[in-house]
Amino acid sequence: MHSIMLSKGRMEALTDGIFAIAMTLLVLELKVPDLPKSASAHELLQRIGEEMPAAISFVISFLYCGLLWVLHHMAMHFIRHLQFALVWLNLLFLMSVSTMPFSCGLLAHFLRNRVAQEFYFGNMFAASALLALQWLVARNKKLINEDDPQRSQLMGQQLMFFPVALAAGLVASFFNPQAGSYAFVIVLVAMRIWQRKWHRKNAANP
Amino acid sequence: MHSIMLSKGRMEALTDGIFAIAMTLLVLELKVPDLPKSASAHELLQRIGEEMPAAISFVISFLYCGLLWVLHHMAMHFIRHLQFALVWLNLLFLMSVSTMPFSCGLLAHFLRNRVAQEFYFGNMFAASALLALQWLVARNKKLINEDDPQRSQLMGQQLMFFPVALAAGLVASFFNPQAGSYAFVIVLVAMRIWQRKWHRKNAANP
Amino acid sequence: MHSIMLSKGRMEALTDGIFAIAMTLLVLELKVPDLPKSASAHELLQRIGEEMPAAISFVISFLYCGLLWVLHHMAMHFIRHLQFALVWLNLLFLMSVSTMPFSCGLLAHFLRNRVAQEFYFGNMFAASALLALQWLVARNKKLINEDDPQRSQLMGQQLMFFPVALAAGLVASFFNPQAGSYAFVIVLVAMRIWQRKWHRKNAANP
Amino acid sequence: MHSIMLSKGRMEALTDGIFAIAMTLLVLELKVPDLPKSASAHELLQRIGEEMPAAISFVISFLYCGLLWVLHHMAMHFIRHLQFALVWLNLLFLMSVSTMPFSCGLLAHFLRNRVAQEFYFGNMFAASALLALQWLVARNKKLINEDDPQRSQLMGQQLMFFPVALAAGLVASFFNPQAGSYAFVIVLVAMRIWQRKWHRKNAANP
């Protein structure tokens, strides 16, 4: 009954809206320095320079949200229609996107604090995992358009990259903060290489 | 004259926009702890832990707004076209949605305070009652698509669940705060059971 | 050249977005009372009661923005296509809508202050005047669909109601604050009566 | 593979959303004066008057964002379909739009400070340059509809106006703050005159 009533269009409109707001609220972490109006150019430059960690964490978070939005956008092309389970998973996904400004603010303020780092990467992981979970549920419920099975498999693989790499990074960072970043990059690159090989083999003998 | 001029599309666009913003503003209640940048991981974790009530109230509010959005979304499928009364009721409904961040912030800060609880549940009640009222007005004005009368009746029943259960909870909570939660859950479950029976009976002999 | 390139759809999307945000930001004027977490229910209720002026100014502003949105929505049905002049007038209109949260906050804080009142009503006047101006410019440039000339004349008249009544109120309030409210209501009612008569006469002998 | 999956519609929805929010957040720089509720009309007027720089910087920023939105809107009409490079350039463009409230706040607070001025104009330059870059990349990848080559060339020229004029202003302002404004205006006017001549010549002998 419900599949007809849940239109992809409005789900996408809510998704685009929440992404637009979360991405714009990220910048609220950049605060106008609290200096007297007569502050010298040098003083102001120095204080803006001190906000570098916040600025970097803003840029990374904005681009990561952009990436999630692109992946969501692409994945939705394969979904034939929605069902309740997908709508609720998407709302949970949007919830994890809407907490990004908080996690980003936490990291910007406590850049070298392990709790802030794990919170931030945990938030990134939750968002990408909920996006991947939507795909798995949709595939399970036969809601994915399989006209071109190789393309939809490639899409599914791409959605797994970030949750797996972020999970590897999170686990490794319990032993050593730096190991976390290494593990994240190594897993991401390894998956990409494996996907290329898999793609070439399948393209050769379909 | 006006029915042709009030397009469902723009009403939905404004609705999706206000929901997206209200849901994202909810997270502003989660504040980055006001600690020195050199705070230890332990201190930060403890301070984040103290925000648990705010986090729980954020999660519940986000999911409740999501639920209202899904119900609005589904109900709009049955509305053939808009009239002024519906547009204004929808604006009042959106007003009650836009106050959710305030009520949620109030509850997050004064979790055990009866006034905050009643404000919060009163806001939830107002939102769901205004949504149900739209349906009643639309039915009264014959604006509902009755091609499949059983489906539209089911939809109408579903819209009544939350205002009735929340009203029961609010009334009971005047006698005893815990009775409020119990009354809410009992009424919600009772209505669901009754609806299933009603649905089975009607499906059997239509 | 440009008329084809300026789509009504995207102008409406930006308009709906700015309305949705301005209307939701209005509520930020309602502040969670700055009391200790252990405050009694009585204390909290009293402090919330003190925010009544802010709450009233929020409700009025929300409904007024809703009214402007409904008028914009209806007027756009008559516009055949856009031109640069209309796009820029609409951007100025949106600018006056986006300052409503500021004017509303000013009035909420300084309810009995004449400067705050004049700022608030001046903002309301600017918004409704810019909306009416769009109509006049569109009519002048023959961009209005005149298939049903009486309906489009009614629409044009309706757009004049608020700027004229608000201007009367603003002028009268320079002499006496209360005279402002009276003038506003009298002019609004007078115009509505005049429009009904005009409409009946035209419907009788078209 | 991807060109089909990246729909212009959703990219425009995200763009409209981020513009709507950034333009509305600009107004948050206008702060309700921190005076006691009993402040006299005179005092309030004076304090609002002191916010003039913030108000001017708000108006300019709002109109500049409006201009970028109009240019983006018009340019998108020429783009036949999207590719990844364009999506990511557009996300970078949106990032530079989302930082406008911060740059605007900085300028509002430190109006005569050279660092604030350069930050603000640098942000304006980045936004317009990223918009122009999208056009250049799209042209390079043959994604631009050249049905009417003169119109698309005019569009491309128009997109170059602001980044070039702002770059001239920024360079000149390193020598002398006032020279910056002069250089900006001179270059803008010169380009406009040159474009008119070029347009007339091409229209004469196509």
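We call the chains A, B, C and D, going by the order they appear; numbering starts again at 1 in every chain.
As a convention for this text, a contact is a pair of C-beta atoms (placed from the backbone, for glycine too) under 8 Å apart; a residue touches a chain by one contact, two chains touch by 3 or more.
Since this is a predicted model, take the numbers as computed values, not measurements.
Rotation angle, chain C onto chain D, C-alpha superposition: 90 degrees, expressed as a multiple of 5.
Interface of chain B with chain C: the two copies contact each other largely through different residue positions, with under half of all numbers used appearing on both sides. Centres computed as Cα averages put chain A at a distance of 27 Å from chain D. Residues of chain A found to touch two or more other chains are 13, 17, 20-21.
If you check the complex, the residues on chain D that touch chain C are 12-13, 16-17, 19-21, 23-24, 26-28, 30, 32, 35, 37, 39-41, 44-45, 48, 59, 62-63, 66, 69-70, 73-74, 77, 151. For chain B in complex with chain C, the residues that touch the partner chain are 1-2, 4-7, 10, 13-14, 17-18, 20-22, 25, 87-88, 91, 94-95, 98-99, 101-102, 105-106, 109-111, 113-116, 119.
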